[in-house]
Amino acid sequence: MSERLVLDTSWKRWRHRTDLPRVRDERPRDIGAWELVAHARRAAEAVGIEEIVVLDTADGLSALAVVPVGLRATQRTRWTVELTQDVATPVYTAKLSASLQRFSAGRLAWRIDPRGWRGRHDVIEEFVTVARGVWRERPYDFSGEHFRVQGGGLDSPLSGRPLPPLEIVVRDEDDALLASRVADRIAVETLDPDSWPDLGLPLAARVSLASAATSTEVERLSTAEVVGTYDAVAGRLAPLSERATWLDLDVGDRVEEIYRWGEHVAPRIGALIHG
Amino acid sequence: MVDVYWRIGMHGDQSTLRRRAETRGDWAPLAPGHLAPGWGDGHGDGRPYLEHMADVARAAEISGFVGGLMPSFPFTDDPFAAAASLVEETRTFRFMVAFQPGFVHPWGAARLSAALQQLSGGRLVYNVITGGGGPAQRWWGDEVEHDRRYARTAEFLDLLRRSWAPRPQSADGEFYRLADAYLPTDLADQPFPEIYFSGSSPAAIAAAGPFADYYLSWLEPHTALTEKFTAVRAASQALGRTPRFAVRIDIVSRDTEAEAWEVVRDGFSGVDLTALAEGRDGDSVGVARARSFIDGPVRDVRDLEVEPHVWGGFSLLRGGPSFGLVGSHEQVAERLNGLVDAGVDAFILAGVPHLEEAFRVGDFVLPRLTHHSPQGALS
Amino acid sequence: MAKEALWYIVPSDGAYPWEPEGRRDVDLDYLTQLAASIDSLPYSGALFATAHHDVWVLASALAARTRKLRPLVAVHPGLISPVLLAKMALTFDDLFDGRLIINVINGDSATLRTFGLELAHDDRYALAREYWTIFKRLTAGEIVDFDGEHYDIRGAGSTFGALQPTQKPHVPLWFGGSSAAGLDLAGEVIDTYLSWGEPPEQLVSKIDALRQRAADHGRSIEFGLRVHIIARDTEREAWDWADHLLRVTSPQTFSWQASRGRDSDSVGAQRQHAGHGGRVPDHARDIEVSPNLWPGFSLIRPGPGTAIVGSHAQVIERLQEFEALGVDTFILSGNPLLEESRHIAETILPALDLPIGASA
């Protein structure tokens, strides 16, 4: 089990952080949530978190803007971009992603949360079919309810790169059904393994780290039930490794939690898993 | 003041106009002497073409250009992806990103663009292309037919502007729906990108009028170009607007005129003139356009010089438009200054190879332009 | 087969940067792009020339913006303590993954005097021998006691703490100098001997002499050739450009350089000067000393004055001849440095069949 960092640039979550030092000294102007992006990716690199999942929220930065910048700014970090409805067509998404795979030696992944698609699983399924179709085949033809392509398909040298793996966020049975049809991996938002769908796919479980763990004191948590000392939190999370491939760390705007995780919690989990 | 842009090749480059061989990027089979990716030990060195785009962007920035046009076609790398990737390694370079309304949703475009405006300090510029319909459009998954395309462009630009605001906007258009579209305050405060609009027919002007900052044309002979300006002005005047014009121009500029023609002559010597005469040449459309301005057959390179220093054979030497300027630095600068006098407000210049020629044009042509504007983001 | 090719970095560039009209603005952005360009091409590094910038500062700035480029950094022995120099070198290698090469410069007495160092020609070499011996031992990780004519040092390196050598056996020393004292120094302490472009028959005798001197000290030595390139599609175009350079160079530049060449106590400079006596020919080819070898730059600017002028095929032939004579390393240049770094990488380097990543 390894960790991923979930990055939500919504201003509601980020606006209180006026105390973060500026990441770049050459730019006196305000770059808003981009500061958070820069801090987060540096922290992730520093503690050895190898993947960053960029959510696409209307209150934040477009994930399609954040991920190319992030890929360019990092050497090894993988970046997952959340694709939402009403942003780009499947063909344009595929083409833009093909360039990003070329630029980054294949470090891009896709994420779809049905909530960002007004629950339209049928649209998602067609979108994914077309995006993958133009990626894999040329010429490619498709005629569906929502999308149509004639004589499509990426050509060399855009073609032939590994397709970004797709994860679907699963909250209910409909999501699970969609995931079973299109997903390469799934993401869940509870820490109760009994509630996780068993699809035989790699799974990421989200854990809120808004001071989830401290050395001495206990604080209330917003979304996850993990509370306690470093040892307690590590003890609670380590068993998840039996079924979870990743822990998705959500620190909100508290970038320092990433360092705290890397310094205190991750080694304890590692020790518990590997003895 | 005249904004002078350069161009970033989005699908490789040649190392010279003298030979039609792509040696930069991976659009041609890799071989020794190729760059980005380079070649060694029998295989590519893994350097992405993005590195070369970055080099060209920095070269243009260092040489005094305000930015660069990044075209978009099915076979090119994507300009939004490239622009976002290069924002942090440039300071003043404006990214003129080409796209069609059919690619993105207006609100999605607003969110993507405003985020890049915030990071770059306002260095995003749009090149809005409407596209002609037909098979090329269906490749993109775009089925809107020719006649309705300008209407769609107009609706797109309208909704893009409306969603660039902090209060939720809704609209039920013919092509797009906005449901509570908005931008967070700090993003809504970002400057809206300038729009370079490709297309200058009456239908295009009617559609683009309220939104286009510049009408972008390829270089044409003087009369054809000024006639086009006159027509756009007339149509705009009827709508109560004053249009601005931008021209995209290829340049072969050397210390002496003779050297410049030698470059073009070398490239032209590789062209099969018989095939060209019989219309079998791959680029017959572009050349036909050039030939409509001249009399008689094309036997010599200078036969395609439709007026002094305006040469119509560029499409034979590299992919792209037909007309460009050939001459000494002074002559080329004089033609450009003449175009400014005729009403041009911005240039997008290009030369092969783009990296090296950015320096040459920056060193020897830009200083001779009378009105070019300083670098920096638009405010 | 040659092992590597280096390019050239100097904070002055353009089509003919020795004249104001041929010079472009050069700042950190430009130098960074130049370095990044070299870094992206099959060059292993770059010679950093001594000019108005201090090379250490420039090389550090550009090393931070590149991944494999090895700077060949010019150092005049004697201007700073060999111990401090060793610490700088070890620091550089620690920060930049062991990429440093030192270019030993003995320079001329007049220049050194402006830095407060008064030494006659042969004394310079005596000092240099001590200086580089100390440097090599320190950059090999030794604590050094040294008792010599010029240096008396105890416990050097004992304060370096955690600073450990990155390169084995020590930071490499390259050197070019044509006097007898210079050749002796090379045989004794230098790893790679650099020669300016000379006719092959002259070069081969130099190589033989160096090999013998190194063997006398129980060592081996490698050879590098430092040469400017004017390569074009055709031979005529290349010579036209050489003619053009003579035309655009001002009389002041010629006469200034002529007086420098005449008055220098550098044997290399004197040799080059003897080739043409400082007279500017009517045609560039009038002073072609052997096929495609043109000493014209020595009329124009200080430093290595020889260029290979010719078609791409001819330039490749000449370089392959030098390769066959035993040249291991080429240090090439052409103006403007940025554009020509690519042009040469596209047209000439593929034929040299250099091992990729030889340096990194």
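Going in written order, the chains are labelled A, B and C, and every chain counts its residues from 1.
We adopt the following convention: a contact is a pair of C-beta atoms (placed from the backbone, for glycine too) under 8 Å apart; a residue touches a chain by one contact, two chains touch by 3 or more.
Given the structure is predicted, the values throughout are model-derived calculations rather than measurements.
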item	value
Chain-level touch network, classified as line, ring, star, complete or other	line
Selected interface, B-C versus A-B, where C-beta contact pairs are more numerous	A-B
Distance between chain centroids, defined by C-alpha means - chain A, chain C (Å)	51
Centre-of-Cα separation between chain B and chain A, whole angstrom	35
Rounded Å distance, chain B centre to chain C centre (Cα mean)	42
Complex contacts: residues of chain A adjacent to chain B	10-11, 26-27, 29-32, 34, 58-62, 64-66, 68-69, 71-73, 86-92, 95-96, 98-100, 102-105, 130, 147-152, 154-155, 157-158
In the complex with chain A, residue positions of chain B that touch it	25-27, 46, 48-50, 74-75, 77-78, 80-82, 84-89, 91, 102-105, 107-108, 111-112, 114-116, 118-119, 121, 135, 138-143, 182, 184-187
Chain C partner contacts - residues on chain B that touch it in the complex	15, 18, 23, 31-36, 38-41, 45, 47, 51, 55, 58-59, 61-62, 255, 266, 353, 355-356, 359-360, 362-363
Touching residues on chain C, where the partner in the complex is chain B	14-15, 24, 29-30, 33, 36-37, 40-42, 233, 244, 336, 338-339, 342-343, 345-347, 349-351, 354-357
